[in-house]
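Have a look at this one before I ask anything.
Chain IDs A, B and C follow the sequence of writing; residue 1 opens each chain.
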């Protein structure tokens, strides 16, 4: 390997140890304080409440995609720049299925299955040959995948706006003077459900345990008979499913267009870094926090107009990276070479 | 050894002559295309200095191009400045911004830096939209004057040549060795007195300056329009890919990388099956992936391998 | 009767450095065989060659069949448990999870295996939910052994089980190994720097020097051997 590859690739070969105390107390305290603030604010102002709920729903989407990113990063220290585009492509697949007459939820389920297979295939064909090489080699492959996916989708379906029927309808619920969109509540529900299912998989099944082991210590995992490469492929499959969920949940608000996930990818990056790149819980919490933050800031700070949402997310990303790179729930890493 | 050095000089001379003679063989449109290759050449050269020589990954060089491009557009539009004069100013401003970006970048590395620069690249066009009083918002700003295709070609390739010579001079000397040291063995470098922060930040500045000049020329090449959508994510991605195709850490492959990024989309757009505007993305993406899978060291690696095999046979 | 494990002219290297220059050895079923030698002699590499943790050439046969050059997971599935240098436990996971992982290749219920393991290491039951990285050195070593036992292996590869342990713990661990060998007929190939205790435990031993087998034979013989006494036993 060239000297450059060695230097850039060194990150990919070190395994980090996260043994020790759990999440730090001040952080938990801060999160609780934020939660209280949100509840109090929502009770006192209906606009605050609406923005918070909408922010939670958007944040759930960020969190889903962020969770996908974290899954892959934890296992391979690879950032999949194409995660959003893959989710977008799967959303188009779901759209096509509804065009062919399937009901929304049937199309939804089928799309998730297809997304899983898609993720596995991508890992086997495109990622596996390069995953042992430098960080930047894999980054570029995912970038190539980004462009390729974008191209294929636009080629097949065109770049014009399309619209899929909203799964939860357009009803609006009223609690007092506050209006909650059924869509937002539905998005929250679906996202929470997928996170719970994933958690159950990882904590309580043999497969989940094997996947965790393969991500933590691939060499030791192989010694107990785990096929580490298959675990990676399954991880990519699951991440792809999460990306599809994110895409399908955000489609009603973003409309179906090839660029629909590009901004969300940035938000997901910011959310993942905020939560801690190696923490799945952090990804979800980071997503939710970011969604609510952006909405509230957009509402109450007049300088921050819609064009500044992305730069605001970037600012959050930068601040976290500079102040506490391991994020809210990431533990201080001990590098094991 | 001597034969090697001589054959290299001959190749360089031949390339220079070819570039000099090329415009006479091309019509305006194709001259413009060839000029675009020069523009990508300069930007990718800059990126290569950063990523290839000091090992700092940047997926945000489109943002520096935006800065240079908007500088040119605004100076020309609001202050009626001569386009050529705007180039050094764009260079200076981009250099400074590069230094400013390089400072926080010191704390990041690997994927974290890639993420941060990626987010930076996405944010800058948004900032251009926001501060529309200066930048013209989504309509952008247009330069007062423009270049003919031929003039763009000439200016572009002269700048490319100057950039290459400057890069070569910079990298073969002490600074180049310092850059390589920060990439290969930071600990050794630091303990032998090479100030890592200074050189890493300097590399960012220099690389941004290159991108800034490229951005100015880019704006001139696109009818003088500086618009946010011109400098989207795709541009930064293309630059990174161009640098990878070139082979990181090599100056000579940059020409191949620039040609790849500058010409392939246009060529594949006119190919029969793929014709439509987004078929070219499919081809581009596919080829990028294939190159990364098959040619680990970029195009330069391919030539090196071929050269080795020829030597082995003789 | 063919040996359970046969290595024939096994070579291995790390990049340009050749670590094994042709190692041949045999382990019969039910035996404990020790591999001795100084640092860098290639002891660990020998075990890694068996478990496909390092690329190797030469022939390795297990239970009469040739071992393919796939990956460590293939070897584990053949019934070979390798407790490597550094123990191979998952510090971030709990004791219980480590044990479950040890049984990864087994089908069906693992309750019996857990009972067995708890019998040998009674403290494991009460510490099931403790993160294994927070265990003491001795406990981690025992966990590593327990983890390997969960696999119900036909052959156990142990890499320096005494490393970093207080003498009392070393005696304890070796007693357990001897027990397993006596009662359950577990076949063990153990790499050790502590030649004294290794020769007491094993029936047969090989002495490696610079990647080759310099000496081999029954432990009783080696214990009397002049150069072994001087170099490894200290008298």
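The rule is short, and it goes like this: a contact is a pair of C-beta atoms (placed from the backbone, for glycine too) under 8 Å apart; a residue touches a chain by one contact, two chains touch by 3 or more.
In this text the structure is predicted, and so the values were computed from the model without any measurement.
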item	value
Neighbouring chains shared between subunit A and subunit B, ordered by label	none
Top chain pair, ranked by number of contacting C-beta pairs	A-B
Most distant chain from subunit A by Cα centroid	C
Distance from the mean Cα position of subunit B to that of subunit A, given in whole angstrom	31
Euclidean distance of C-alpha centroids - subunit A vs subunit C, Å	42
Intercentroid distance (Cα basis), subunit C paired with subunit B, Å	55
Numbers and ranges of subunit A residues touching at least 2 other chains	none
Residues of subunit A touching subunit C in the complex	17-20, 206, 209-210, 212-213, 216-217, 219-228
Subunit B - residues contacting subunit A, complex	51-52, 55, 57, 59, 104, 107-112, 114-116, 118-120, 122-123, 126-127, 129-130, 183-184, 233-234, 237, 240-241, 244, 248-249, 276-286, 288-289, 292-293, 296-297
Footprint of subunit B on subunit A - complex, ascending	2-5, 7-8, 11, 73, 77-79, 81, 126, 129-130, 133, 135-137, 139-141, 143-152, 154-155, 159, 262-263, 266, 269-270, 273, 305, 307-311, 313-314, 317-318, 321-322, 325
Footprint of subunit A on subunit C - complex, ascending	51, 53, 71-73, 76-77, 81-82, 84, 88-93, 97, 100-102, 104-105, 131, 133-134, 147, 151
